[in-house]
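Got some structures for you, see below.
Two complexes come next, and they have one chain in common, chain A, joined by chain B in the first and chain C in the second.
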Partner chain A sequence: MAQKSVWSDNRFWRRSATWVTGVASVLLIWLTFDTMGQISMGTDADLKNGVTKRVPAPTVINYKVDYVFDSRRGHEVPKIGPEKEKFFGKFWSEEEAAALLHKGKLASQAKNCMDCHTLLGNGAYFAPDLTKAWLDPAWQDGGTMQAMTGKNSKEEAMVAFLMNPDQYPTHERMMPNLGITHDEAVALVAFLKHMASIDTNGFPRNFGRMQGAVHGK
Partner chain B sequence: MANNALTGVGSESKQLATWYFTFAAIIFGAQLVFGVVAAIQFVEPSFLYGVLDFSIARILHINALVVWMVFAMFGSVYWLLPDETGIETVGIKIGKLLFWIFAAAIVVVVLVYLFIQVGPADDTTIWFITEGREYIEAPRWADLGIVVVALGFVANLFFTGMKGNRSGIVTVLMADMIAFSGLYLCGMFFTDNISMDQYWWWWVIHLWVEATWEVFVGSLAAYALITIIGAHRKVVEMWLWIEVAMLFGSGILGLGHHYFWIGTPEYWWEIGALFSALEPLPLVAMFIHVLYDWGKTQGEQMGAEHTDEDHVKSVITNKPAFTWITLNAFGNFLGAGIWGFFHTLPQVNLYTHGTQFTAAHGHLAFFGAYATILIGMMYLAIQGTNGIKVMNHTKASIWGVSLITSGVVGMTVALTIAGYSQVLVARAQMGGTWQAYFDGQAGMWFQQAMDWRLVMGVVTLLGFVFLAKDLLTSGKSPVHER
Partner chain C sequence: MFEPFVDVNPSFFGWLNQGPLTLTIFLHTLVVLPMIFIYYQEKKRLENEK
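On to the complex of A and B.
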């Protein structure tokens, strides 16, 4: 072996490893600072002033949320407001909305949601992705879920389902009863609506726009 | 130095290593059992419904995976430390105490998962039942316990490395284990912001699995090549450093491929795509090059010197371990490298993200990159503990490695097909709604793939039975040279 070449010198490679690792780590930390700024939650004032944040304030539950194609960005993006809409029949103050989202996020962890579902596409693959569940056609007016639960709003239908999922089977694979209380269910619906308002760079694509050919719809 | 590995008797560090390996093997078995339960539930959803739901079976499946690997990793370090440093591990009494604390904590966590399962939406659940975040569901009290145990382990490693001979392998391990333990802290806090939550969650999951763990197995492969075939330390350690540079150089910023769709900015598309596409490169390099160099120099030399049957036979001093470590080199490249690259570009990942495709990659990657080499380390420990000069295959070891490998490869192929079907129907065709999801699951090819996944899962479990039998009995088998 050519022992004298720098390419077979352990010290050279040890230093290279240290430098490469150091540079990569510094870059990651720098990018992390930038990303933290971009994904920190917006404020109620942002929503009122129409300032777009990637992750909006909890009071986003007081607004109509949609997911529409943006031709400039080349994919769908959340559309928040400007129309307001009541959530469980009322508008929520900043404190109320924050407390509700807090409880909803806690519930999503306490019930191990992501060990069957995916949230933002991460989790298990035993049940549907929940990223844009709030916008799912199945829950809208005239959708199957309001009819099945006998409720006349999306929020109420979701609450009824979450509290007794085993009574409203949508598939042979049924969600089990996880002992979700009424308050927890309301909070979970807020968590889902908030998640649907996050800018996910167009994931999932074509959500709810295609009815598919499987059942010839 | 290589010879020290053959005399595990008398080293307390090596004795502790065998405790870690034993507990790891038990948890490995549990991982496979709960995996089969979850696989059955895909085919027959009423199986254990309301008793041990899919979510719980899956938590146990993936947590057992992480725990057995961490145990086997700790065991591997305690095993190789005396050989590498030339001294007994410092603080071994504390090491033994920590083992029992760790094992007891795991048992409590598992019992809570099994029998309490979920809690109310408040902090007590996060502290005592589950944190509900995939892979690191362990409640916060256990998180704190894990940090204490990890710190104790790192301290043992550091003090031993500083006191004894600090080889290149030990140096890499010391740096790697600090990062490994520190990263766990990123997964311990609670936030209402799901994007922020997943950003830091990936610091644990990705930077463990695609950076620090990969470097860790690089160190193990280096140790194993020196121990089993007597490869030159200088060549092996040179390749280890090259591997560290390539793994950290690609893996740290490769983290970006998890930041395509979680609310994070678009620039992660380019960063994640570029760096994660480089990740497969190092995975097979060290092993191939060491074997190549070894063949060119030592192999030729040995071949010239010893033409008689006996010497040719004993070039590889531990055949089961060498089989598993060879599988590691290729399994890592295929499972983590190729199967990872398949869906790492954002243009593809937009559709494959969160489908069975990920599961296919996960199965082959964890097996190929980690399970294989850790099982190889268990065989080295059996050789050392029983004073075996040349360890040969037994019938059970061959059945074990063949069935487990076929089973995992079979599951991977099945899940890949399921993934294709799911991606095309539920995502590309129907746009990922609730209805789209279930239409995707109802497809004939998806369902057949899930049937095959279950069959192959059972094959894997069967292979484990042979492996367990071999690990328990091989030490006394007459097939080895003593």
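On to the complex of A and C.
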């Protein structure tokens, strides 16, 4: 009788499959818990003490958020503070900021921003990527959006645009009027500012070096 | 092949993702080497059964 090959032996495949499935399960469960730590929100105290969290506390809306190239990591990273800046003319408490951000998230879901825009890698590329929209120079002081909306702060200009996007010729595919109320627009701007302060490992890639974006030339 | 760890939060999975081959080498060590071991064990068992 010819010698039985290991390759046609059921036991070899069964043991291999058991091993691979087991290793993959352990890795995926471990990865899940690791990710939960990575994406958990920081606290107000972290912001005050300069602790770097991937997702900062809602009170990040009280800080100046910049986007600077980190040569060690090879891409741009959000720089939060230490300068504070008023958001809609005031500093928000922890509770107020958390409530505002929650409302902004709900509004972004209710108005289905992701139908056209991309948020943190999810959504569509029919309209501009909103992950770092807060840092877009078009909205800064002296940028086109403040002149177009007749407002003199970034957040007020964003609110004016969000409430009547169909009035401003911004894009070939103009944003339709979604019936966003003033309160919803304020919350959405907070949501966008918080999102821009999230460390996304440089996503969207090369945003900071794009023509006209942040510090690009 | 191995690049310095530069991620914002230290993590084992972050370390695995630092270089192009780090994940590959890790998974091969964990998956393929034991399979080679299982192969020779089963081969020996079949030879003994004969």
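By definition in this document, the second predicted complex is superposed on the first by the 195 of 217 C-alpha atoms of A that agree within 3 Å, B and C clash if a C-alpha of one lies under 4 Å from a C-alpha of the other, contacts with A are read in each partner's own complex, and residues count from 1 in each chain.
Methods note: contacts are C-beta pairs under 8 Å (C-beta built on N, C-alpha and C of every residue); 3 or more make two chains touch, one makes a residue touch a chain.
This is a predicted model, so every value here is computed, not measured.
Undergrad: One more residue to check, A:D199. First (chain B), second (chain C), both or neither?
TA: Both chain B and chain C are touched by A:D199.
Undergrad: Does the superposition put A:V77 against chain B (first), chain C (second), both, or neither?
TA: second
Undergrad: Pick one for A:V6: touches chain B only (first), chain C only (second), both, or neither.
TA: second
Undergrad: Just to be sure I read the superposition right, which of the two partners does A:K90 touch: chain B = first, chain C = second, or both, or neither?
TA: Neither partner.
Undergrad: Applying the document's definition of touch, where does A:L120 land relative to chain B and chain C: first, second, both, or neither?
TA: first
Undergrad: Going by the contact rule stated at the top, is it chain B or chain C that touches a larger number of residues on chain A?
TA: Counting residues of chain A touched by each partner, the higher count goes to B.
Undergrad: Between chain B (first) and chain C (second), which, if any, makes contact with A:D34: first, second, both or neither?
TA: Once the two structures are laid over each other on A, A:D34 reaches both partners.
Undergrad: Residues of chain A that sit at the chain B interface in one complex and at the chain C interface in the other, please.
TA: 9, 16, 20, 31, 34, 38, 54, 199, 201
Undergrad: Which of the residues in chain A come into contact with chain C in the complex?
TA: 3-4, 6, 9, 11-12, 15-16, 19-20, 23, 30-31, 34, 37-38, 52-54, 72-74, 77, 199, 201
Undergrad: Quick one: in the complex, what on chain A touches chain B?
TA: So the residues of chain A in touch with chain B come to 1, 8-10, 13-14, 16-17, 20-21, 24-25, 27-28, 31-32, 34-36, 38-41, 54-55, 58, 98, 101-116, 118-129, 131-133, 136-138, 166, 170-174, 176-179, 181, 184, 187, 191, 194-195, 198-215.
Undergrad: Which residues, counting only chain C, touch chain A once they are in their complex?
TA: 4, 6-9, 11-13, 30-31, 34-35, 38-39, 42-43, 45-47, 50
Undergrad: Show which residues of chain B lie in contact with chain A when the two form their complex.
TA: Residue list for chain B touching chain A: 38, 41-42, 45-46, 49-50, 53-56, 58-59, 117-123, 125-126, 129-134, 137, 168, 190-199, 201, 234-235, 237-238, 241-242, 244-246, 248-249, 252-253, 255, 258-269, 271, 293, 297, 350-351, 353-356, 358-359, 422, 425, 427, 429-439, 441-442.
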